[in-house]
Amino acid sequence: MANTRKRLLAASATAALVVSLAACGGGDSDDNDSSDTKATKGGTLTYLLASPMGHTDPHRVYVGRDISNLSRTVYRQLVTFPTATDLETANTPVADLATDTGTSSDGGKVWKFTVKDGVTWQDGKDITCEDFKYGASRAFANDVITGGPNYLLSYLDIPADAEGAPVYKGPYTDKGQADFDKAVTCDGKTITYNFKKAWPDFPLAIAALHMLDPYRADLDKGEGSNFEIFSNGPYMLEGKWDENKGGTLVRNPEYDPSTDSTDNRQANPDKIIFDIGKTPETINQLLIQDSAEVQAAVTGTRVLPQFIAKAVGLKDRYQNVESPYVDYLVPNTKRLSLEVREALATATNVEAWITAGGGEKFYKKADSIVNPVVPGYQAVEQFKDLGAGDPDAAKKILEGAGVKLPYKLKFTYDGASETADKQAAALKETWDKSGFDVTLNPLTDAYYPTIQDPNADSDVTWAGWGADWPSALTVTAPLFDSRINLTPSSNNQDYGNYKSDEFNALVDEAQAAGTLEEQTEALQKADAVLGKDYAYVPLEISLFNWVHGSKVNFATTPASNGFADLGLISVK
Amino acid sequence: MTTTVSNLESEGLPDPTGHPDEMDRGKVEGKSPTRLAIERFRKDRLSMVSFIIVALYILGGILAPFLVKFGLLDPTSYHQDLLNEFTLPEGPLGGISWKHPLGVEPGTGRDVMSRVWLGTTLSLTIALIASLLAMAIGTVLGIIAGFTGGLTDGVIGRLIDLTLSFPSTLMLLALSAPMYALLTKNFHVPEGDLAWATYVVVFLAIFGWPPIARLIRGQVLSIREREFVHAATLFGASRFRMYFKEILPNLWAPLLVSFTLLLPAYISAEAALSYLGVSIKPPTPTLGNVLRDSLNYAEFDFVYFFSPAFAIALIVVCFNLLGDGLRDALDPKSNR
Amino acid sequence: MLAYVIRRIFVGVAMLLAMSLVTFTLFFASPVDPAQYACGKNCSPVQREQARKALGYPSRGEGVWESNIKGPAEMWGTFAKGIVKGRQFPADEELRKAAPENVVDCAAPCFGYSTYSIRTVNEMVGEALPVTFSIALAAVILWIFFGVLIGVLAAVTKGSFLDRGIVGTSLFLYAFPSFFIGTFLLTYISIKWSLYPLPSYTSIADGGVGTWASNLLLPAVTLAMLYMAGYVRMTRAFVLESQAEDYVRTARAKGLATRKVLFKHALRAALTPLVTMAGLDFASVLGGAIITESIFNFNGLGKLAVSANTNYDLPVLIGIVLIAGAFVITANIIVDILYAFIDPRVRVG
């Protein structure tokens, strides 16, 4: 359903999610939580970004880093994740614009929230229930409000039209308005969402994403609002947001801290400048040198492999953080038999892949597509011992499969960087030794159109994913459920065209589960099925490396997806 | 004389013959005895040095595939054991050793010398075929335009103007996706290296022939009036025969000079296209894509950073000097 | 004279027309559906159809005629109309009616609309052009000044070691790929050794002339290296040649000082072709200094083209190609007309 999310995978740094940060590596990352005590108000913080953000419209943002940055500064939510570093606390939503974390009835099919008193927009007007309702409606205009999550389309209790899409088409037309009005209702300050099916972890979903943020109907310019920021948080935009240059956030005089908690937003700097446009190389170099212009700066650009040796030497200005993202290989199940897929997995040299990608400061071996911190994770039997690859064993499996050797194999990957080329060639080397004859197929513009083409001339591809909220249901189901992915013209996120009734049944079981334990158990079974079928081959968990300026008290939390957490950071 | 260098930015493609206004000045003096030219050339020390280096490059270029075959060069094997924990080469100067005289590539441990060497072969090959193609198109159209004159001449002239108006580097960048698809899907060129090489060669030539055509047209205009052509006409030689049998042999000198100046420009152009990601892709090395990777290590591995760039610069300079030398030798009136 | 000017302009316009036709044919005579090409990197079939409607591309027919000739011709027609009359986006009338608040007016000359960036091409080019113009201007000043200076120096020391050294060095600088030079300047001069501040484009309005110019230095040097060698050699050749001319010899014979002869007579003769050449080169750089802009991350036309290419943003690419072509053609017309003023014989030919 969400092919809008695809663009997020490529850099393996994207979809929103919440996880723990096992501080690892340099042994100097204990800086994180001590920053609370050092926090000082005031000063100007610079946030360096190499490439433009695609959107600042709350309902179109879908990049983990941007979701967190906007939550902490300008877009408050009904419920949000606190800035705690303890995983348990960090993964528990707390009330933000709502008075509590919501009440559900009808087995999780109905959710009610009440909007707090005294919460206002930056122009001083109260945030009303209608603003929330209008916000929810925007996702349905999926020809205008593109890019954002669209879970609401499949959950809200709105009848479907002949094509299976909801009859309601968003606030810009009046089609299906009556149906939407029934699904989302306002009663004074209380908003009620009615769903078709149970959504037990709904508060997790809306804390992790901005899909239910309020929006002012009178200010909505549709597509024209893509780079507007109309704040209800501690900061507001000064002037205009320039897509290619960024913008400056200053304090919002209408923000009342008493309606908020410093557990969510400390709002330390007086000013936050988003500086877009320096190359990643330049950002790395400036921060490593601690040049005057970046001493009060943090960045959303990770340390590049070539700079890591220098970065590690910076001691307290350097952090190594485990990210919520897992990279994996997807064999095309339409073209590769089970034995061939098994041989492929056996011959996959994860170690060479990791070294070619920058080494152990950048990656940690994974044994499942589900990140270990997400409920529903378990080590998958088939992938426990992936390492340098075993060419001999793989060759035996191939020979046993009775296929002609060498077995021709086309590896399609996003060839936008030299690192990707090196990593791909690293896999090729061991695959070639195992009886495969690998053709590398680096694509840039044609990458997604190719891997999403069900009839593509490609045998293996590469992808990355992070959970949308802390549940394996947002990992394996969107990636491997053939019913929501496979169409005659596109496989959407199921790049391997994988189709298994056994797996689909387990997804249904998980979705219907009454308790989280039952759900988790079904999801673990589902992942085991994927392992048995070699539907994917997990590669690694990305680690984030950060360097920040010397005048910054740095902090990163699970809620900020391993990126800098603007709710905590202060300028010395 | 005049400019032999070209620029790669935007308008990019080379004009190896110098400024068009200058064309008539570059006239080759009829049948200047070849031997005289050779003697003059041999006296020019700089040109001789350039000639030797160019010859070495070509020899090395031819040898490289065989060296790879016999395992003496190995541009693809990974030696990650030669890297430190940060995946940079272990040891000083990018991990220089007897086995790896230019060190190894960060991240992979592939041998840098092998990659630069084989890269030279591929870049030279692409530049060579592209310049031959451009020369062929330019020569044929130039002869036709010069000899027939009139309407045909006018049409070819406009075609030259039109082609020159295109921002060629930009076109090569922008056309890569649709034309790569055209080559692989409609012309069934195998995807990957071959298709990219074909794309680069064909489109470098398509945007690169006009200066050659202009030069040749000018030459033909002056040759056309000479006795042997008149004689051939009197003897009833066919047009085709006249174009190619009688006139072409008299054009070898300017063609040779243009060729030695076009080729280095195409080496640079291929490198620029590799930088923009629209030429042969790694792991197959070309000078351009090796350099593109090495740029990332500018600060950390100077040997790696400098090697491919120097390999490009040296061959480009030597070809240019060789071209100058040849022109001087063939046209003693020029000012050097 | 007027007749010549009119004729020359007429030819120029015809050339632009031909160029746009060729461009459309090249872009659309490929198996890639232009709607797919224009709708961005992650384009689902639904989005592709939306992009098709928004941009007014005809649906992709079967067969050679439908897809390779009729389609491009139709699109070229719409494009040409947009240039003359302006257009509205989305091109599809129903879409416009459905969401009138999202209709974008693109006044003539309209170069198109980018569904990827949700803006008109004119707007995007309008933002990028001053950046490219600034780099080009700074570079042209550098390369003419140093090119001529060094060229003259080489000419007066003709045959000496200095002469060869100068010509050789400038050739070597030209021979190193510009992305190597640019990276070197950026990494070493600007960052590692902190000899010169890191350049980032600042418009005159934002930072005054001084800041504007100082930010341009490194990119301009990178770009100028490419051209300078040519100007050195050209200047040297012109000066040497004119020194052999009769009037210079006469001036010498009359006892004028070498320096005076050089600057008053020899160089003056060389200046016209040099300036002409520089004008044409300048026009071509205006189409985008692709590599220089990418290295220094200056958002000029060249970088815009590179990102449009990675994002599959066809309308922007076509817009830039045609604008760049228009610069070159216009510069040629201007040069021709100026020459006609200077030398009336041209008009006849």
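Order as written gives the chain letters A, B and C; numbering starts at 1 within each chain.
Just so it is clear, a contact is a pair of C-beta atoms (placed from the backbone, for glycine too) under 8 Å apart; a residue touches a chain by one contact, two chains touch by 3 or more.
Computed from a prediction, not measured in an experiment: that's the story for all the values here.
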Chain separated most widely from chain B, comparing mean CA positions: A
Nearest-to-centre chain - CA centroid comparison: C
CA centroid of chain A to CA centroid of chain B, Å: 47
Whole-Å gap separating chain A and chain C, where each centre is the average of the chain's CA atoms: 40
Whole-Å gap between the CA centroids of chain B and chain C: 23
Interface hub residues of chain B, defined as touching at least two other chains: 177, 181, 292, 299
Where chain A touches two or more other chains at once, by residue number: 281, 285, 416, 444-445
Where chain C touches two or more other chains, by residue: 187, 191-192, 309, 312
Residue numbers on chain B that touch chain C, as the complex places them: 1-12, 19, 21, 46, 158, 161-162, 164-167, 169-171, 173-179, 181-182, 185-186, 264, 268, 271-272, 275-276, 288, 291-292, 295, 298-299, 309, 312-314, 316-317, 320-321, 335
Interface residues, chain A side, partner chain C - complex: 3-4, 6-7, 143-144, 146, 172-173, 221-224, 226, 243-244, 277-279, 281-282, 285-286, 289, 291, 293, 416, 444-445, 447-449, 452, 489-490, 492
Residue ranges of chain A touching chain B (in the complex, touch as defined): 281, 285, 304-306, 308-310, 312, 352, 355-361, 415-416, 418-419, 421-422, 424-426, 428-429, 439-442, 444-446
Parts of chain C lying in touch with chain B, wherever the complex brings them together: 15, 18-19, 22, 26-32, 37, 164, 168, 171-172, 174-180, 183-184, 187-188, 191-192, 223, 226-227, 229-231, 233-234, 237, 240-241, 273, 277, 281, 283-292, 294, 302, 305-306, 308-309, 312, 317, 320-321, 324-325, 328-329, 332
Of chain B, residues touching chain A in the complex: 76-78, 80, 83-88, 105-108, 177, 181, 191-192, 277, 281-283, 292-293, 296-297, 299-300
